[in-house]
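Each chain gets a letter, A, B, C and D, in the order it is written, and its residues are counted from 1.
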Amino acid sequence: MEEILKVEKLNVSFAQSLKKNRKQVLTDVSLSMKKGEILGLAGESGSGKTTIAKAILGMIPIDQGTITCNARTPQMVFQDPYSSLNPAKTVSWILQEPLRMKTKETAAGRVEKVKSVLHQIGLEENLMNRKPSELSGGQRQRICIGTALMSEPELLIADEPVSALDVTIQAQVLQLLKSIHEKKQLAILFISHDLRTMYQFCDRIVILRNGQIVEEGKPSTLYASPKEEYTRLLLQSAGIR
Amino acid sequence: MLLEIKQLTIEFHDHLVPETVVKNVTMSMEEGEIVGIVGESGSGKSMTALSVAGLLPRKDMKKKGEIWFEGQELLSLPRKELRLLQGDEIGMIFQEPMTALNPTMKIGKQVEESLYLHRDLSRTERRELALSWLEKVELNDSERVYESYPHELSGGMRQRVMIAAAMVAGPKLLIADEPTTALDVTVQAQIIQLLKKINEKNNTAILFISHDLSLVKDLCDRVYVMKDGEVVEHGKSEDVFYHPMEDYTKQLIAAIPVIDLEQD
Amino acid sequence: MKVKYYCKKFIAMLLTLLAVSFFVFAAFEIIPGDPATSILGTNATKESVQALREEMGLNAPFLSRYFSWVLSCCKGDFGISYSYHIPVREMIADKLPITLTMTVLAMLMTMIVSVLLGVFLAKHTRSVWDKCGYVVNQIAMAIPAFFLGILFTYLFGLILKWFTPGGYISYQKNFVGFLGYLIMPSIAIAIPKCAMSVKLLRSSILTEAGKDYVRTAYSRGNSTSQVLYRHVLKNAMIPVITFWGMALADMSAGSIVVEQVFNIPGLGRILLSSISNRDYPVVEAVIVLIAFLVVITNFLVDLLYRKMDHRMQDGEDLK
Amino acid sequence: MKKYKNFNFIMGVILTGLVVLIAIIGCFYTPYDPDAMDAVAKNSGISMDHWMGCDNFGRDIFSRIMEGIRNTFLISLFTVAIGTIVGVLIGAVTGYFGGWLDEILMRINDALFAFPSVLLALVVISLLGTGMFRVTLALGIAFIPSFARIVRSEIKKQVTQDYVESAKLMGAGNFRIIFVHILPNILPVLLSSIMIGFNNAVLAEAGLSYLGIGVQPPDASLGRMLSEAQSFLFSMPWYALFPGTVIVIMVLGFALMAEGITQAQMK
């Protein structure tokens, strides 16, 4: 399968107010993803996981390294369901926005597409003219996934999509992501700090610490025989070893 | 019997329809025991904990039932007397270490506050006790931490400061309302170990509130499972975790991804 | 780290002062008409006008005139008044203390009254005090300072005869009488800002009271007033102090207007007369002076603000 | 809109509505010609035919107040319009894009902020001269810094929200993001600051006219009436009290609407 994302020796640093030196956030990060693969990016807060996602999507300037992403319209799902939907707009307006940008479809055509996506993400049509504030965390996260799907992306970056949700709802949202992945051959870069959920979900997992890749591998081998001390500590703290 | 909650019911009256948040919950705790309350958001677990700590807002809130702590019924206790227990006999730590400390007050002063309120000690004695507890919670550079402000510390360090501040007056009961949810996994494990150590060394009973059943299984002797304000199941944590009776508990356990590494 | 931060703030202030002086100087540059002719009068000969222009350096390029003007201002020489032909400094020197005292008096009143009232109202929310406090506050904010002045003159001056309207006593003659007379105008300036500050402090206290660290304080056994005075008040004061910085600027403007009502020969009076007879050096000087006072006080307010809330120093500026 | 049902907003709308109504009527009909002098009725108090009495020239105070309200209201309207439009543009650009443009504009803004708006207006007036149009321009310019600062801080808050990032990912242009995505979210704050803008504009105009450098005769203005009435305070107190009270009502109306909007937004 051909490669849709290649990141080589990525270095990113941020300027700091008052301090002269810039804070190095990513050093020599290299990773690649094949079409339709689910790559897990595991690391604690401050390890630079979100920075990698933003660099791939071109949202932040990078110091060195190359990012070749030939996936069509890569999209992102964010962690905080309360800030990722425009509070002033209705669900149907939010879902139609990508269509307004990309296609020349008529309003009626757009509404049809919105209805079909709502089915895909397991929500009823009566949510169409509700505002985000009237929805639960799980519903909002599904709408985010729906909005991303509207642009028919080949790569979806999910930045801790379920960590803000209750355990039972987390499982449902992950199930939804998995089914879309299978149906649409959608590659997913799954960013999380929860090694338990990543075990069943990801094909491969990259362990990140302070902006550097510590280790990489298939979950079964990685969890069974971690080479690096830090990976062992992570597994132990999560009560897996 | 250190703590006994009998038929506790809490109703909110701030909007038109009174909302029952906790429905006749009954619990008990022995001295030095670690008891867990597990439930998802909205299950009433935090409300139960807050009512034991006497932190429920006074107005538009109706409380029925009894909470017996060392022979005193907390719900009917006048505020003046309840205040004597808070911080002295009952300590509490919260979920968000980032916002649970006063941003413009030095750490040392916040850790000493319970001593200031409940003990008649000199400034230096209070400082000594606070520093000793900062070391007990494994904050090695305790002098510097004592003088610094909350925003200068990491989440993990702040939670340790919270524990020190709650334990400094030697309470018999420590209530921990999801203390590790906002922390990284590695730091989470350290805080849990710290709580175990405190329980062993000081024989402090801990009421541990969480939504993470696997966490509660390792830490607590007994556990209560709560759903929509009611206790659905309770018992020894191994019994509840390995052979649950109620299907809600089964559902909770099923949601935890099982990782069996032995097969390959 | 602290010193570095304060230097950065000090330099920012100097830059603002420069920008202010540049703005005022540039503004008065674009006025039609030539200063020299205004001084010598229209029938002066061309040569005398040219000589004066040369002497005053008016033919020099704009930037060098600006810098020489700034330097002379720093030395206290604000140029010559067109209409009175005496150095502007003399005209302003005895006026500045009057306006300054009035503004400072108004500021002190605002600070003291607003903290007392703000805390009182925050403590007694849901009581009848809170309701009527709210109404009085809203009305007090809506009354312009000069109308208050007129009401005071009518009520206290003409009817109750507590003071003789227009009977200004200069501070050289009788300092206590001077202060006594300034009480009334200072109250007139202070009331609207004090009402705003009370409302701000009350809502700031209520917002802080809802925060997590307050619940932690209660969990340690603090009583309500202990929580208020040991924890909440200091945090609640931060936005209020920022407001006081801005309020001082408005009060200095308010004093200009109120000087008319109470016939006080302060900076306001001279500013107005020089505007009407187009005496630009005086206008320039007074405006720059007031603006400098405001910028410097804002800088001091900033320092006080940083002292109370250490998050500012190393973190990103929260304002 | 039902959330705006709180007491403050309604009271504010009533007061402002009353004022606007009188202003509109004032454009077409006033009981007497505001400038007509009636020697007989000089200094007369409140009577059937002169509801608010007459001033020292025998002019009907009520008619002059009607004309005064109209002028003050028009000036405030255009002042707030200038301040808002320019303020929103500057605020949007600096808040959304940031960078060196933000730095420069904000430094200028801080410098302008050093001047209380009345003082800033004084500078502009001393350059352009007095009269209704110039006063409006002066106040408009003087109000830009405060609007720009409010809009900038509100937009800066919204830009950190994820929905702005996802809008960019969808391919929405910057212009569309600012005015279609972000603006509706800052509308309540913008609305209440517009009301406060009105509140300050009325106060500033009254102040300038009182000082005699705002609206010039023969145009009537509430501030000017107050300065004239001051010398007759003992003999004709109503000559000062009526215009002053009208100013307070206008300002109170706008202030209560601003309160109402912020309260509704909090719900």
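By definition in this document, a contact is a pair of C-beta atoms (placed from the backbone, for glycine too) under 8 Å apart; a residue touches a chain by one contact, two chains touch by 3 or more.
On a predicted model such as this, the values are computed, not experimentally measured, just so you know.
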Chains most often in contact, by C-beta pairs: C-D
Taking each chain's C-alpha mean as its centre, the one farthest from subunit A: C
Whole-Å separation of chain centres (CA-atom averages), subunit B against subunit D: 53
Euclidean distance of C-alpha centroids - subunit A vs subunit D, Å: 48
Overlap residues in subunit C, where contacts from two or more other chains coincide: 314-315
Interfacial residue positions of subunit A with respect to subunit B in the complex: 44-45, 166-168, 170-171, 193-197, 199-200, 220, 223-224, 233-234, 236-240
Complex contacts: residues of subunit B adjacent to subunit A: 40-41, 155, 184-186, 188-189, 211-212, 214-215, 218, 251-252, 255-257, 259, 261, 264
Residue ranges of subunit A touching subunit D (in the complex, touch as defined): 57, 59, 73-76, 78, 80, 83-89, 97-98, 101-102, 144, 147-148, 150-151
In the complex with subunit A, residue positions of subunit D that touch it: 161-163, 165-172, 181, 184-185, 187
In the complex, subunit D residues that touch subunit C: 107-108, 110-119, 122-127, 199, 203, 206-207, 210-213, 226-227, 229-230, 233-234, 237, 240, 244, 247-248, 251-252, 255-256, 259
